[in-house]
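Take a look at the structure set out below.
Letters are used for the chains, namely A, B and C, taken in the order the chains are written, and counting of residues starts over at 1 for each.
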């Protein structure tokens, strides 16, 4: 099971971060992302980091769940730091390694970029950690609503997204089971070169895709039987609308991060 | 020579807050020619038991041994165990049934011709004529045929032990019967461990029955002993009794039969009920 | 009433008839079992009930409305609820209550009313308390009951089940069977069940037997269970309890043919 709990997977809860409207959260995260890219120095990053830390604390999402997302980008962060700090012609050499040197300015730049990646991932994963996939799809639908005027089928896209999210755990289980079954028949997935390895996955991918297409077909029939005919005229069990609290929360927190970004 | 599980414990997510014991102190011996049936409600650890027996799962205590060799790791008895998962027909990937069945033997290092030969023999063994069924697309088979073809894919590897997860689930009466016949004939050359809800189909020929509840064995014995324990196991929700003993248990609740007389045999059950009715006369 | 008037159907112009001149009815408040071997046309018949398929010739009328009329198609679909074999193929929502709400949402039911329907439908199938559970954490039996609740939330008059218990364990099978019977007997829904399950067949009000797309049996379950030739033609085998009942009849005991499960068998002997 642990293999399936992926990065940024929803952790149900009842904190004020959880209860904030999904569209508002998307707004805040967008503002946060902008702030991250206009911020100039470590002070700004530290301030934004404090904002994220506060949000995590309020959301009561386990730090472990947040950290899981960071493991995946850890490598990228390390590469960023190493590539920035190691130079041929250092401006302020800290340590010399033959023709190469670790450069002080480069190190600072690497750390700055790495911290930016760290905060970007933490901020966005906090969105998915505190928002159920369906709320998220609904939020995206409302954020993109203006595009309906130019005939973009926003509602259908949101439905597609919801269904994809619904079937991720089911498909992961199926994939795991097919893989184990083929292993039990002597298949090995880690022997040989890249081509041999890619070929070894055919006994997993062929049945998995076959199953997915079959399921897609059956699901379409079931949805039709349940009167699905596009997003036109659909109502919702929970009509989400941005309340005053959501607007206030979005504008205040959005304003704060932008201010931090511009000022520091 | 046997597949032996000796006092094994399996945990999920060991060392984390989510750690849970999936199997606790389970022991089992499967010899060639044996049919061992594992019963228990959904989530009782039946599938974990199969995976542990196949060496696909490491045990945190105890040992799994196949003919004297460890089930996993270096020097393990590779190919000795055949494992059939639930709904195995969802694992077909070749364009013909015969090719799909030859996949296992190929992985064991058999030449393509030898592997196809193994596949054809295995198809015959499960009652599918290799000439008719070998060239067909696996996806064109009926439920029972597909299940048996998948079973042939395992048999083609000549395993000494067969581990089967819900082999009759989702099949109609005809499909269930055909799968059971295939299993019965495979028993000649292998020990068979069946994990199932379908007590009805397998108890008649089982040598031994293990009942799990939340990963712990709550019954371990032969079929007569199981019938003895059936009221207790049924009450606790561990075993869904087969229809015939179930009818006898219900009749017993009405106070008509002496205790200790549960049976799977239809004629004997009919005699017991008729006798009870005529002597008891409680019928209104 | 759902009425099939000389319905024939083929999937492609060059394919053989999947259904051949079928005339059957389903009344409100009755449970009708549809039986037949693989490929006999059972699932085709089920899919014709709510306009998922249109007859090649003949008509299907749901309370007098033709399922082939495009303008009333969605009315028909909300009047006839469908439940399919594999629960995973019909669950759309990422949590239980969202899935249950899917049908009413599609036909534009106001939010407050959807909430009422979702709560009562989930209660009707015994899933109250699991509203926020994710579908992949449910047992197969619970998933199938969720599919039933999803159909009920449309407030249909008829329910069509296509092998609803084939993938369930015995406990799940019994629960779904009890729910289908209660929906017909207590709530007055017309229930059509495509099934191999002898227990369900024996407890139906009427059985329709199909062979190669033709109706070869239409009558009470007793008539079918007592007819070995017809049972074989329809690919059915007696359950062990039904065989026990037969053995008791041979001993001169008065056990009805419909006593095909342990409960009804014992109940018929100790009334």
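Here is the rule we go by: a residue touches a chain if its C-beta (ideal position, glycine included) is under 8 Å from a C-beta of that chain, and two chains touch if they have at least 3 such contacts.
Keep in mind the model is a prediction, meaning the values are calculated, not measured.
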item: Between A-B and A-C, the pair with more C-beta contacts; value: A-C
item: Furthest chain, CA centroid comparison against chain B; value: A
item: Distance from the mean Cα position of chain C to that of chain B, given in whole angstrom; value: 30
item: Where chain A and chain B are represented by their mean Cα positions, the distance between them in whole Å; value: 42
item: Chain B-facing residues of chain A, complex; value: 1-2, 174, 177-178, 180-188, 202-204, 206-207, 210-211
item: Chain C contact footprint on chain B (complex, rising order); value: 41-43, 142-143, 169-170, 172-174, 177, 197, 200, 237, 240, 242-244, 246-247, 250-251, 254, 256, 266-267, 269-271, 273-274, 277, 282-284
item: Interfacial residue positions of chain C with respect to chain A in the complex; value: 47, 50, 52, 74, 77-78, 81-82, 84, 86, 88-95, 97-98, 101-111, 114-115, 118, 132, 134-136, 150-151, 154
item: Residues of chain B defined as touching chain A within the complex; value: 12-13, 16, 18, 51, 54, 56, 78-79, 81-83, 85-86, 88, 90-93, 103-104, 106-108, 139, 153-154, 157
item: Chain A residues within the chain C interface of the complex; value: 12, 132-134, 162-163, 165-166, 169-170, 173, 215, 218-219, 221-229, 233-239
